[in-house]
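Across the two complexes that follow, chain A remains constant while its partner is chain B and subsequently chain C.
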Partner chain A sequence: MNQVNDRSRDIGEFVPRPDDDMVICRCEEVTKGEIRKAVHEGMWTVTEVRRYLRTGMGLCQGQTCGKLVKGIIASELGIPQSELEPATSRVPMRPIEMKVFAKEAKEADGNG
Partner chain B sequence: MKRYDLIVVGAGPSGLSAAVEAAKRGMRVVVFDENEKPGGQLFKQIHKFFGSKEHKARIRGFRIGQQLLKEASDVGVTVILSATVIGMYQDKELVVRIGDEIHHVKGDSILIATGASENMVPFEGWTLPGVIGAGAAQTMINLHGILPGKRVLMLGTGNVGLVVSFQLLQCGCEMAALVDAAPKIGGYGVHASKLARTGVPFYLSHTIKKVEGTDHVTGVTIAQVDSKYQFIPGTEKHFDVDTVCVAVGLSPMSQLLKMAGCKMVDDPKKGGQVPVCDERGQTSIPGVFAAGDVAGIEEASSAMIEGRMAGVAAAEYLGFMEEAACSREEDELTKDLDCLRQGMFAPKNKGKKIDKTEEGIPLSNTLLTKGYLADDEVEAFPGFTHRVGVHPVIECTQNIPCNPCQDVCPKECISIGDNLTALPVVVENAACIDCGMCVASCSGQAIFLVDEDKGDGTAEVTIPYEFLPLPEKGTEGYALGRDGRKLCPATVSRVRTAKAFDSTNLLSMRVPREFAMKARFFKSGNAADAAGEVAG
Partner chain C sequence: MADTAEVIVIGGGIIGSAISYFLAKEGVKVLCLEGSDYIGNGGSSRNGGGVRQSGRDPRELPLVMYGIKNYWPHLSEDLEVDCEYHQDGNLRLGKTEKHRKILEGLTDRARKVGLDVTMIDGDEVRRINPYLSDEVTCASWCPTDGHANPLTTTLGFYKTARKYGARFITGERVVELKKEKGKLRKVVCASGDVYEGETIVLAAGYDSRAIAATVGIDLPMEKIMLEALVTEAQPPMFNQMLGTAEADFYGHQTKHGSFVFGGSSGLEGFTKDNGTPICCSLTAPCICRGIMKYFPNLSDAKIVRTWAGWMDFSADGVPMLGMVPEVPGLVLACGFSGHGFGIAPGAASQIAQLILTGKTDVDLTALRYDRFKAKI
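Up next, the complex of A and B:
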């Protein structure tokens, strides 16, 4: 079984570290310590951490922190990064104002 | 809903090349790009490219971009700018934001050519204003004419770090140092040497420990790391800088492909998550293609060929072209691409330990760790010869796919042969006429013209010079060695500029004879200081 799916595995206690207050996701201001703690609280995938802490859900949509968050989770779980799925990609892939998102252009030609 | 034969996302080198190939075959093509200006990365690249004539070598990046744009408009490609594609669905429908409206468009085929985004590394202080990506710095200086700062430290010695550092120098910034956690410089030796000879220091096996400042960067501390990338106590070095540039690699921006359901793979050699593609760039969804950095981080030269391959394949997919004709073209393009993917820096050689050139000459270790060729190492290479009269001295010592030097010499003094990655050789008995074309055309600025004995105790050394203000004939100053140290007094004897040199000036300086094979850069100023330093 994939080590991420085997939730019975003991990954040990959360141990504070000196660089825990370093911001990793700048858009949502999430620190390294918060991400590490989240893993010990049961968030073992990039998507779970994302839903729990909002990492990668800000303005840059994880462009900057995506790889960093994945690296931190993997090292906390003691597994290679390649075992973790990166975050899901969804429409809209760039932040967009609701008023724009709701404004569909009327196309003159075509068959739609 | 609007429908096109081919929709291209991204107007960089790969996207534009694909659009041209498809439109040439009668397809209705649109290209969306979220930028205000088309061209992708190319428009920031003011340096001359490597490669061969077929790969547009020795042309500056932004000029290649201009050529591509003209070709695209000539064959009727529509380029829509400030158009962000925010979504893609499996049935080849795209959601595009243009202005403050959302458009839905459908393509019978789609090419994703969205390029890449910059990686970051976290260290204490990395969120301070003044810590920026190297690509961002390049955008600021080359597109907007804004200096990111006055004194800069660069983290990362891949080609991006090296090229951007040189361009920052050209803009008048001071480069405090280039730093890399790896034990060896990652980019081309010739790019590193351009920096080293101006006096910029390299710190390999070092990384940033801490960036200082309260509301902006005021300094940075680096320290040495061991083979496990752990800091070695007591090795800290401090620099007063106002900017720290980060050039630690790029990641493919492949989200659109992923959300559409293309099969993806995590491939560290390609820079991260990339779509699984066949040899023509088709993803697991028939009719959806990927080309350029989004399919694996490489170069603009390879991105253009990949783009053309995808354009041709899309034409065949939709029946605008016969399979046989398509195969012929793809074979040609594959050959071109293979040609580029050779040499020490080829994707397939990533991470491999190489310590000899293809010719069997030991690689310069100083070049890999300090950025310059040590005086005793350079002698071993076939471009480094002693002659009577003016002759080229070629300090290009790694196997890279490049040959403009051979191409431009009217007297056939320089030979690389058919193997694009072979080291340039100075041909015996060929008569150099001092035209300077080789010096100006070398993308790595690695060729010098030397007259070792002018008969009056001096030698004349001609160097490529791309800085302003341009020293005038008669300017007194000093020569610097490959390592950037002051060597000896020097006087500018000639300054040549020509249209064919494409903004690379040729600066000739007179130096004492014994420095003919050592003097490789010129700075104006007090020559007495230089003499003092040499004596002391």
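Up next, the complex of A and C:
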């Protein structure tokens, strides 16, 4: 994307809401209020919120909450969702045991 | 729009964010420019979280010791985030005679600089960490080393710097520096925006090289990719930071319960990356094989995610820090060579002190950018 984004732009104060305790990321138990608050603490991208609160870092890797988190951040910033990046997908697609993953490629000959 | 600041920091990773934090806290008007769309997008968010003194080059060791003494113990309070700092020691493990020699060399050098680090045998290693396999025959043990969470720590520096009034702009990629009357003054961005500052700090990782070249300074470094992986949460096992003599992997168990391990395949620099730090299919399995030889218990742990990132590796493996006499107004803080996380509070506080007072508590002479000489 590389969009110039002045992080000092005024987005208003954090205002508590009745649904703030709703759990959005179920794997890591992160609530809507925590996500909204993180935006006011400067986390203005899906990536930063993920690194700050662990949204989408659990077993489902954000496959459930990714879109919801993005929507909450966009609405808090007052921008369309299309201005935010999609959550990053990372290998492996499903959690995989170390002993299985370890067989993925041949190891060096001898004892390395 | 007033696009001037007393200090412009180029690079919004942990080094740039921490320098901005220390300066803004003292009331300096700081502007931090980050080229990517995200704060802490390079090694800052992709490293193994070591806050380690043992195994370091004696030239950079005093800086990390300074940070561990003065900042790390209360960093969570200062940054208003949970940095998850643990000071429960570092084990650097060995299995062979060759490993023992490597570890003894590192230990001797560190002790000369005043670090409390000792060699221990396999049984002592397993008394400290009972999960290690019998293959481990020796280790260096540094009880004052530890680990922390790179994600929250990096974003914590950003968040509090911002609170103290530092201005951050992301997606603002710097392409050129310009002097005015012999002194550095202007910062030109790819967007066409131009900013002016009295002091300009270059903390842009590998990208620092191309930026410094626009004022005739060459910073000898290259990009090297490192990869890491994380497991699902496991029951609490141990709190030490771990590494190996051969550096085949390193890592720790996080507060969350997951294990974060970094490592390499040995083919870095020769794999196809298409210009982005993307995982190579060979590396994570190789890291897994390395880990399982030391920790047989972890072979059933599931890997949930892998990632990769660039290191800005300097020609001699330690950073370039301090002022540049040929370019008055330029201050360097780059080339951290994959050791930039643990050293960040110490290094950034000293760069801020240098800008504020012209002096530092820790001597930075050995880390001057013009130290590189031909071998003969």
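Assume the second predicted complex is superposed on the first by the 100 of 112 C-alpha atoms of A that agree within 3 Å, B and C clash if a C-alpha of one lies under 4 Å from a C-alpha of the other, contacts with A are read in each partner's own complex, and residues count from 1 in each chain.
Here is the rule we use: a residue touches a chain if its C-beta (ideal position, glycine included) is under 8 Å from a C-beta of that chain, and two chains touch if they have at least 3 such contacts.
Owing to the predicted nature of the structure, the values given are computational and were not obtained by experimental measurement.
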- Putting chain B and chain C onto chain A via the overlay, clash or fit? fit
- First (chain B), second (chain C), both or neither: which does A:L59 touch? second
- Tell me which partner A:R51 touches in the superposition: chain B (first), chain C (second), both or neither. second
- Message: Under the stated touch criterion, which partner chain does A:K67 make contact with: chain B (first), chain C (second), both, or neither?
- Response: first
- Query: Looking at the overlay, does A:K99 come into contact with chain B only (first), chain C only (second), both, or neither?
  - Reply: both
- Message: According to the stated criteria, A:R90 is in contact with first (chain B), second (chain C), both, or neither; which is it?
- Response: both
- Message: Taking the superposition on A as described, I'd like to know which of chain B and chain C A:S82 touches: first, second, both or neither.
- Response: first
- In the superposition described above, what is the shortest C-alpha distance between chain B and chain C in Å? Please give a whole number. 7
- Task: State which residues of chain A lie in both footprints, the one left by chain B and the one left by chain C.
- Result: 90-92, 96-97, 99, 101-105, 107, 112
- In the complex with chain C, residue positions of chain A that touch it: 1-8, 41-45, 47-48, 51-52, 54, 57-59, 61, 85, 90-92, 95-99, 101-105, 107, 112
- Note on the structure: Contacts from chain B onto chain A in the complex sit at residues 1-3, 34, 84-88, 95, 97-98, 100-104, 106, 117, 119-122, 124, 126-127, 251, 253, 255-256, 258-259, 266, 268, 272-273
- chain A partner contacts - residues on chain C that touch it in the complex: 35-41, 45, 81, 151-152, 154-155, 158-159, 162, 167-173, 189-191, 193, 231-232, 248, 256, 279, 281-282, 284-286, 288-289, 291-292, 298-307
- Note on the structure: Listed in rising order, chain A residues that touch chain B in their complex are 19, 22-24, 26, 32, 63-68, 82, 86, 88-94, 96-97, 99-105, 107, 109-112
